[in-house]
């Protein structure tokens, strides 16, 4: 029961009309923004859930988890589809700040999935191609900026993943993750975009942690000659 | 020999964007300068507040709007299709200033609120009431900011009118600001900046109330009958 | 193998709190909107200050308090049992506003300070004078903030009364503010925000004293006898 | 004349809160001291890691929990009815420490994770699994923080076991931490502090795995069969 | 029931002895600090109460309030007497940060009392002379620094006082307060001590408020010639 | 073993620079003290605003400029050739203060803006109008800062003039500030600090407008004819 | 009416300075890009640490210094005579980066500290050892910052060497950092930023000590005889 | 002609204090330099850890303490009676450093904690256990800071011992740090800085535990019997 559209006594018609029109447009705009923010939050939560899920992967249930993750991803894409109508034309950039966090987290999750699947980095085109509806039509654009920001966050997950598999003894895979992380970091150093500045410190830290973990593996494995391990094959991590 | 396997096209895109921003910055600076010139012209009404002078000043100011129009056109040409809001932080302030100038000039001339078509004509840029124009436009919030600036300036004018012995105009301005305030109350403001500035209208009402009080208590003039006595231009 | 049930159980709890905050935020926004509507109604007394209009306005405003009451009840229902202080930063400001509206409406009607039971009845929420209520309540500081806002608004009313030729009311308002000030002086305020706001009452006294001076010096009215002439409602 | 009783009444309330905070601060400091004493007792297992000593130490530590229990009861008594969340920032850290001590003592005794009822009994405070207890309680996040601290301490113990020639225990601890990690993985942690600390468990696994590797590669001991060989207390 | 003095097993005697001594001294020091902080807080609260009390003064109850304030001040001096034993010799500056807030607030209150009594500024010597026990012996020193800091805060109270009496129509007295405030500010500008930097902004603001209030009085009073008021003597504020 | 000669070589340079900074700091402190003395002298005009006193004060102040001149000369002598900009952050503030004092003294005497040659003569330091002087100089921005400070102080003087019954001077000061504002509008300020301070001139205009208003509405004085009545010195 | 000539005169100067800054900003950006390219080349040594690859990489990097040289020359040409210190905040960071690159490249090639003449030759800019050069130069502190960055990067290299099975190089790098640290100890650093960064060398020593420890305790390599085994280039 | 009626003596006092500070600053800088020289001497034990070298280094270091003694005496002479704590923030850091150096030198020589009389003799300054000395002294907290620094340095030494093949010393150092840690646990730390640093001892224990672990698991040495094998000096 709101009565804010009740005209104040004596307000001249021109002002009344002008402001009634303004009011309608402002409300439309705000409602739209609210809807977008709501979905952006849903996307963020679902993406985080997808990342947590992927961290739970083990050799035995790899297929099950990948299937689950792909399903989760489809759900997120559906959310994008749902919000797409609000983001046409100028509205895309107008409300970009509202949807941005969702995009960022989604790129992080989707690229983490690609990484788990084939150990490589997802390209922007590839992720863009996944952002399609059931008929294969592009739902929304994926900007370079969102891609870069999401990928920067991915490096944190890669670090976690790497430390995790080191703990499980998967040493070669750890070296692969390190190499990937290094490539990402080196390229980001060249790109040097101001939007990335804040994330670069974290990324450098992640790389350092991963390099140290790989170092520890090597130091340990080098202590005894390889022949030694032929008689101790229950611990031959290195190959 | 730089690596950048993954990011080659992105690198190019980012460099392009830097150029776009550079050009926009220059165009906005130009527009800003033009707006300041118009503001300086309008500023003269505070020194002499006779109807003649006010009419003169507003006419001179109107003659300068084609310059603003022109600068805005140049700016608009720089914005890639549908990326208005990607860059609009760069010109928001100046665009609000331009809206204010249009509203001020119009008020001085007609003593009423500028209409949307008038703004569009004076600045040569469409107002996007629904916010869905793909091209360069004036957003509602920009327009509202311009109107808030107007109330501040008119409050100042009220004070100077009294200094110059013009005791009638303050009543009219006060009523105008009260009406605008009622108008703003119809809005459901979520935007924090705008909401804060809206509070400044309350201050303007209070200030003009005090001026009207000073005139009334000294019987320098009396409150005109509502609706009557409004000058037409 | 460690039992994982423990972890499964708590996952749900962790997700719950986000929802609670979301719901509170929505309810507070709703309440804020209702309060603004009432404020807009009360605002009309500045335009016409005749006793009839003031009586009318305050009656209309009183008629809207059930809405506030209602919004507050909805808000209160969202707070998990006894977690008032976990979230109260989210509604402090609006609650102070509601107190102010109750005090203002009551003053316009009876020309006296609202009582604690009246506030409780108008807003449908208990006032926690001892600060120990576990359920949804109005804290003392919220109420005091509301009263300080009242003196500011009444000062503005004083000025407008004169403009509209009502020369008696300013004397009564002035006395009321002086009395409130004496009341506040009894408090040893440690809370800095509140002390700063309390200082603003001094300015309100100064301003209303100036109005009363202007009226007296021009013999537009004379100071009424203390205690006499107070209108009853 | 406005009634000043209102102001006199509330003055007392305003002064009361300062005292409450002061008392809580003192009680928290007391609790902190007791916790440090228990921590010092437990610390001795790093110096000698024989089963006998560990059993002794954990028994001694258990004997001190009534002190913690007692300090917590005193603290709880200070919190005005249902204002747990008004002040809880003041004891969060120490409460997490107490949870850690309960979990550590329990692990040393039984080599398994403490259960919620055990924590409640040892500390004499209910755990609020649903986050809705109005009275003094242990929040879920406090308990989780305590568990994370436990894995760090056990990792250190692993290293010292080897130095003291205890080559079996590291395998059991390693498995325990791996299991806890699986438990944490079930949570979708939004809380950043907790997620960061959770990451530290990964490092604990890595470190204990290294110790287990060192033992295995030198045939100082072999990985025990899963499920077997777990000592009972 | 604390047992922290129970010796840990095997600790060598030299370390044990050393740390047991350290422990005793540290505890002594901390306890002393706690006691000082506690009294400093009491002094602060009592001083604030004294200031509030003085603001309640009116022409009719001036004597009563001054007597009350003087009594309140004696109570505060007793608190200083109580804490003095903790602050002898090196301990004075050692714990100065703990007692500082109390000093500052006390100087503010005591100088406000002097101002109310005789409209002038209390000198440091004067305030120092009030800090004596029943036998007239100096309890504690009052440093230049504490004096300057307390007096800086006094200007805030002077501003409040001034606005208050303007509201009551005491215009000449308002002008006196303004002049005093100006003298303080001008002198403080010359002293230019870094410890005052933060308070100077507030002080300048207070002076400005007071100057504006005096301006308002003049503007109002000048509107009609003095003769006018001879027939309207109920409002002749100015004379 | 790495050669440590490099480090030995530069040690002397680093120590030298420390000394230079130390000396500059002392000289700047000295200059600051002198400036504060002059400011204290000028401060007296707020207490008594009669033309005689103002003339006296400005004359006394002028007599102190040789001291500033002297301090500046000592400071300048400490700056290594062409390293003005290496250290200028250390004296910027005081130099702006000195410019302000020159401008204020001159205004009190002649009621007009100080000229560049006058500043140069009073302070004994060249103004770098073209921004290209390698030696010790006053930068344009320093001078502008000084002028902005002047408008603030004159605004305060306006208020105090009225308090002392001097109702004419405020009109002249107001006009002077309006003129300065027009001057600043000619500049295209990029420097953010300066731009922000420039906004303070707008506040000064508004404030002096209100003073002039208060005088006018009460007919205590009327606006002097433009160009007439300006005192000459 | 105040004379506005003053403002007109300085407008040109202010605009000129804006242009200078704009141009410097562009040139610095260009230099930054070139530096990043060189850094990317050097980055490859972390991936493969064989002597051959390291030699190759350092040779490739050396081949890019003419580009840096060139960019610096362009930048230097933009600085008005003797105003190096007016603008140097704009390029300090990049210049330190360039010094770091020169030092790193040189170390990889010769395993020793770059000399001042080498830096001057590689970057084409004189080093101001005495701190008195008026023209474009490298300040001592810039060079020191570059060296501190070098120790950080070499520490990282130490770790990666081990990962690639190169167990000898860490000993040499460790010794190099220890020597640099001794050098820094000769300096009496006042500059706070530099002092803080100097502390980071301590961390680097500790870190490389740990690497050397890990190698030694496992007998993967032993400390080389002092003075012997240093490769020559 | 400056005013300063009220504050004349105070002004003088303040200026005097500035001088005192200036002198103290110079003396502290001198002391700092001497301390750094001694630290550089002691630093050499990390490079060669044979008993002979360690004995040599500690003897050389001992020979330099008269210099520190001397600098401290000069500093002490500058402090006005009973104003030690007015200025002590200026030398706290260096004094803690001096305590650390005394403790380190002593440990290297005797492998035990320095005693209070030893510190007093080496630095020529009394230690104030009760904190009631009126003259220049070493506070307990300064001494404790020095001891914390010692554990950090010894931890580093542990690592380097292993590198140099000295496998016995780490056991002794580890035990020493464990004992110190127990000592610290006897303290009831309120001082936040010290408490934080105390936590760093925990890290040192963990680190030395790992070194001891590495030695033990590889059977490079075995844990010596408690009490036995301690070298005497």
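Think of it as A, B, C, D, E, F, G and H in the order they're written, each chain with its own count starting at 1.
Everything that follows uses one rule, which is that contacts are C-beta pairs under 8 Å (C-beta built on N, C-alpha and C of every residue); 3 or more make two chains touch, one makes a residue touch a chain.
Remember, it's a predicted structure, so these values are computed and weren't measured experimentally.
Enquirer: Over the chains that touch one another, what is the least number of steps taking chain B to chain F?
Expert: When the steps are counted carefully, the minimum from chain B to chain F is 1.
Enquirer: Where are there more C-beta contacts: E-F or A-B?
Expert: Counting C-beta pairs in contact, A-B comes out ahead.
Enquirer: Could you work out the angle of the rotation that brings the CA atoms of chain D onto the matching CA atoms of chain F, rounded to the nearest 5 degrees?
Expert: It works out to 170 degrees.
Enquirer: I'd like the Å distance between the centres of chain A and chain D, where a centre is the mean of that chain's Cα atoms.
Expert: The separation of the two C-alpha centroids amounts to 34 Å.
Enquirer: Indicate the whole-number Å distance between the mean C-alpha point of chain B and the mean C-alpha point of chain E.
Expert: The mean C-alpha positions of chain B and chain E differ by 49 Å.
Enquirer: What whole-number Å value describes the gap between the mean CA coordinates of chain C and chain D?
Expert: Each chain reduced to its C-alpha mean, chain C and chain D end up 46 Å apart.
Enquirer: What are the residue numbers in chain F that touch two or more other chains?
Expert: Only 37, 40, 182, 188, 218 qualify.
Enquirer: Send over the residues of chain E in touch with two or more other chains.
Expert: Within chain E, residues 4, 8, 10, 186, 190, 223 contact more than one other chain.
Enquirer: Which part of chain E faces chain F closely enough to touch in the complex?
Expert: 179, 182, 186, 189-190, 192, 208, 211-212, 214-215, 217-219, 222-223
Enquirer: Given the complex with chain G, which residues does chain H contribute to the contact?
Expert: 33, 36, 40, 46-47, 156, 159-160, 162-165, 211, 214-215, 218, 220
Enquirer: What does chain F use to touch chain B in their complex?
Expert: 178, 182, 185, 188, 206, 209-210, 212-213, 216-218, 223
Enquirer: Which residues of chain A touch chain B once you look at their complex with the stated criterion?
Expert: It comes out as residues 4-5, 8, 10-12, 14-16, 18-23, 25-30, 33, 89-96, 121, 123-124, 144, 147-148, 183-184, 186-187, 190-191, 193.
Enquirer: Would you tell me which residues of chain E are touching chain C in their complex?
Expert: Those residues of chain E that touch chain C are 48-49, 52, 55-56, 160, 163-164, 166-169, 213, 216, 220, 223-224, 228-229, 232, 234-235, 237.
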